[in-house]
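To keep things simple, chains are lettered A, B, C and D as they appear, and every chain counts its residues starting from 1.
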Amino acid sequence: MTKQKKAGNAPSRELLEKIFRTAYKIRVFETEGIKLYRQGLIRGYFHPYLGQEGIASGACAALKEGDYIASTHRGHGHCIAWGADVKRMVAELLQKETGYCKGYGGSMHIADISVGNLGANGIVGAGTPLGVGAALAAQVRGSDAVTVTFTTDGASNNGTFLESLNLAAIWNLSFILIVENNQYAVSTPIEEATRDVDLYKRGLAIGVESHQVDGNDPLAVHNVVFDAAETCRAGKGPVLIEAKTFRHMGHHVNDPGKYMPEDKLAYYKQRDPVDRARAALKEMAPISDDDIKAIEDEIAAEMAEAIEFSTKSGEVSPEEFRAFAANY
Amino acid sequence: MADREIMYREALREAIDEEMGANPEVFIIGEGIAERGGSYKVTEGLLAKYGPKRVRDTPIAEAGMIGVGVGAAIAGTRPIVEILYVDFAMLGMDMIVNQAAKFRLMTGGEGRVPFVMRTQGGAGGGVAAQHSQSLEALFYHIPGLRVVMPSTPADAKGLLKHALRQSDPVMFLEHKHLYMTKGPVPEGEHVVAFGKGAIRRQGKDVTVIAWSNMVQRALDAAEDLAAEGIDVEVIDPRTLVPLDEDMILASVAKTRRAVIVQEAPRRGGVASDIASIIQDKAFFELDAPVTIVAGLNVPIPFNLTLEAASVPQKDDVVGGIRRALHIGPLAAAAE
Amino acid sequence: MTKQKKAGNAPSRELLEKIFRTAYKIRVFETEGIKLYRQGLIRGYFHPYLGQEGIASGACAALKEGDYIASTHRGHGHCIAWGADVKRMVAELLQKETGYCKGYGGSMHIADISVGNLGANGIVGAGTPLGVGAALAAQVRGSDAVTVTFTTDGASNNGTFLESLNLAAIWNLSFILIVENNQYAVSTPIEEATRDVDLYKRGLAIGVESHQVDGNDPLAVHNVVFDAAETCRAGKGPVLIEAKTFRHMGHHVNDPGKYMPEDKLAYYKQRDPVDRARAALKEMAPISDDDIKAIEDEIAAEMAEAIEFSTKSGEVSPEEFRAFAANY
Amino acid sequence: MADREIMYREALREAIDEEMGANPEVFIIGEGIAERGGSYKVTEGLLAKYGPKRVRDTPIAEAGMIGVGVGAAIAGTRPIVEILYVDFAMLGMDMIVNQAAKFRLMTGGEGRVPFVMRTQGGAGGGVAAQHSQSLEALFYHIPGLRVVMPSTPADAKGLLKHALRQSDPVMFLEHKHLYMTKGPVPEGEHVVAFGKGAIRRQGKDVTVIAWSNMVQRALDAAEDLAAEGIDVEVIDPRTLVPLDEDMILASVAKTRRAVIVQEAPRRGGVASDIASIIQDKAFFELDAPVTIVAGLNVPIPFNLTLEAASVPQKDDVVGGIRRALHIGPLAAAAE
């Protein structure tokens, strides 16, 4: 996770491959995860990131070691893009002690504070103040770390959005708020949740540099986040980025998502972010189909291995848990 | 009692439907409650029947939703605000604690707040720490709130109807495991007043007090013990505020032993308060300490085995009852 | 409190007198109240409305019976402008049972729900959701009532601001949010609390009709609120109005307010809203100095009487209070 | 003990100053705490000494302030967030209950949250219902939070220093009436570990447990009763979570009678929980029910006489102690 050069008009092969690998890995992780869920092996909530891979993969490739991210209830993608070990992710989803949270957290709570991942969150909007807090910590320490909070259209109508972005603004924190505007909060379309669906304007109103970007274009996301990080490191943060996107399915695995208009879904599927990451890699940094296939196979193997590892792992015993609880 | 059996969630819907039908000032707002009919299907069909003015979806803004509900109640209407998980009510605590609960006092008794917050709590299904809490103790401690925790479909209906007719802010706390449970529910007018407990099982050896999802667990434990000839009385207070102290004290006077079962963590829960009341008012009638069977003092973990380990199961209740029965003066002397 | 005609360019004598009377009454009330406070007769918090009288007096004169208001911790002015009986207000401040709240509430909690005054509030920002709630109640009832919440610059950085205004917007509620931007939250200048001190922009960002007005000009306030109320009654609410103003003294009676720059204070004192209300009455609806003097004397007498009444009133006994508490 | 006597607020300042001096990762944010030095002058002088990065004023955004504090703590720094009144902490309850308290569990024990929320509660001076609450019970019930309530300047310093060195979220609850009280406070290193109560007065007839502002009231009551030959032991737990159960139980084993005094309303308060523990663990050592002396179940009214009537005064404590002493088996039999 060393700092990447901005893609600009001539992105490096390394960057293009990294973004594609990330987007593809998320796609595979979610697809396999849904299967495990449908087999009854994953319980609780599972909110797939399918369709939004361009945002996490583009954004995280613009950050560097020492930076922080905070995520949402739909958090697998951010976690993977931040370089997480899919073994420990699958293990967490399978309630195993080898999981990131020993099976205590589950899908909505995977975090890895050792690498600056403040974690997913089950409370819509909560990642924003937490991310601003990490940015505040960085400023207090005099570090040049940037914090990115991935948040949602739903969270933009929540009080935490205004309060925390405003705090970041008055303190010029190195904070980037990426609103993944997938235009739905469960079944409620954004048009019913607010009058102005262009959410970046809410930053402008409080003097925050704000942008809108096609969230299904990984390179576009990368570029705007790259610039935002530069702005932050120059002491001119925060920056708000609204990334328009769309889910490929319902809100969670069990939601058929019938309320999503077919034409709109088709529109966004035609602009599939994984396909676009692959296409960009192919076009801008010529690579053979075989090499692409090799990458895809490698990722599929990694996932298969993760599932095997996790399946074999044990669970924390009630005794160990009770001992932990006794000191909580 | 009616013959008809319906589900807890249907009973809730019936209460809302009947009260909306009877009183044009009753309305409901919440996330996904209109078009989608609510996560637990409690509000299904209401939009079609009562229209979008009285059945509204909201953005994800719990503080705002609760706040506008309180404001609408102060202005005299009867809003129901549905909060998906009681955990999310934490976002609206200012409106509950500092506004709804205090308005009557602050206005010298003039202002009333006929506000009903419907929500659900409890562990189960691996929804993890932020979607599994039992937070009744937080509301219980704030003077001015009514705290209602129905355990049966009939009570769900009757208590909700009462909530929509009285004048104080009500925390109406359902349990995620009860929505699909069935029971007899009278059709039409069926109102259960606040402050009257229900004796779910008569017994003479020990009094078990439990509410919400723990009532059935207490009954199951009682059934097990009945096989050993231990005769357990199970009391369901139904509303925690106001609390039917008389019923509890009368039972304890009879059995001389009490066990309180709560799903919430042990520390500072409602069980502690009930125990403090019993030992205060029935000290010389008790043959053993009041025993509390409660959740661990830890957030609910995701892992299902550990989730189960963190809240009382039937065997824990059985264990608690045994403890209350065996730690008598003689047992103590024999130690 | 029947509906007033918009002042426009040719306000009626009746309207001008009403606005002046209100502004002047607030001035007298606060001035006398501060004396009582300094004598130790009023306890707890007392946040004077001195300097901001133009807003409450202009705004309330644009509303009609059946409408609602909600207020702030600095609430005496709104209460008076809404037509409250100063006897019962003073009695409340003096902890008497003849007070609006029997002495249970005090300065920060005076309310009179019987006339649609939802009350002052000790929690900054809380009046906004409560006001939106009253507007929601009106819409559910099919009434044409408008609700005005008076709020503050401080509250505009609070989550309740975004959440409740957004709810009002998606439901087209008859709700007017008047932000009294007095440029301070206790000793913190607005420039330190947010980057963009023009608070009306926050409404624009979420699609709400928004205006800025000179809060020290009672007629200007009146006109913009009048129009906003029309807009609301036409089903096109909500409306946000930012009224710039300045306190004449510190945050509360015991705050010397040394942090307020003298030149700025002088600037606003030159534009004293009570003087402007008086001047408008004199210029636009010719009235003799004697008649003005008569109005002022009448108000002074009303206040003196209120103090006498309140001083003589009794307090609720602990026994009565305990009985009340037992059923709480 | 040092000879030097300083005020509670000075002791707090000293703790913050020393810890900020020793650890560059300690910082403080709050409303009016920088330029103005805070409403209670606790932070006076810190801005000049440590600069605007580590001593910051905030807008009126309690949810945001608490949230960024929790985030900064998760990122490893040691923020202190000052909330003017504990009542306003209700705006930040989600961050306290659902984030700060749960992060450690949710991360399998890896993540820690060394977050300190300093605030103050209590009735007094006619600041009315929304500025007078004692809300410790709400935090007490949430597993994962530490709840600290110093009653003396020395403890204010020592406990705050400890809070800034440990790794869990701390609700540091001061009392508005204590800021100007004076007492001996050691200079420099003086750390009071969590979980160790203090015996404020030795006695053999009855154990009184009180915290925060109620400690002095208990001592005053004890003084009155001493004149009648009644020997009262007064225990100040200092931290409610963790609670020094051993000290309480040892004292009760000696006196056989317990009175708990809390300013918060009676229903569902911390006193109830302590009573439930005592009756559970020392049932056969008690000669009388555990008596609770607490606030009324009503919000605090503005009127000063009524305000005083709504929270325990010295005479109420005296009455509670008399009750605990006289309702013994013999007294009961004589009734």
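The rule we apply is simple: contacts are C-beta pairs under 8 Å (C-beta built on N, C-alpha and C of every residue); 3 or more make two chains touch, one makes a residue touch a chain.
Computed from a prediction, not measured in an experiment: that's the story for all the values here.
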item	value
Identity of the chain that, by mean CA position, is farthest from subunit C	A
Pair with more cross-chain C-beta pairs in contact, given A-B and A-D	A-D
Distance between chain centroids, defined by C-alpha means - subunit A, subunit C (Å)	46
Centroid spacing, where centroids are CA-atom means, of subunit A and subunit B in whole angstrom	37
Gap in Å, rounded to a whole number, between the CA centres of subunit D and subunit B	29
Centroid distance [mean C-alpha coordinates] between subunit D and subunit A, Å	41
Residues within subunit D bordering two or more other chains	59, 61, 63-64, 87-88, 91, 94, 98, 105-106, 128-130, 143-144, 296-299, 301
For subunit C, residues that touch 2 or more chains besides their own	101, 103-105, 109, 121-123, 157-160, 163, 166, 170, 192-194, 324-325, 328
Of all residues in subunit A, those that touch subunit C in their complex	157-163, 166, 169-170, 192-196, 201-202, 204-208
Subunit A-touching residues of subunit D, taken from the complex the two chains share	24-25, 27, 53-54, 56, 58-59, 61, 63-77, 79, 94-95, 98-99, 103-111, 143-144
Subunit A to subunit D touching residues, read off their complex	68, 70, 99-105, 109, 111-114, 116, 118-119, 121-123, 126, 128-134, 136-141, 159-160, 163-164, 166-167, 170-171, 324-325, 328
Contacting residues of subunit B [partner subunit A, same complex]	31-32, 35-36, 57, 59-61, 63-64, 87-88, 91, 125-131, 296-299, 301-306, 309-310
Subunit C residues within the subunit D interface of the complex	43-45, 92, 95, 101, 103-106, 108-109, 121-125, 154-155, 157-159, 185-188, 192-194, 259, 315-316, 318, 321-322, 324-325, 328
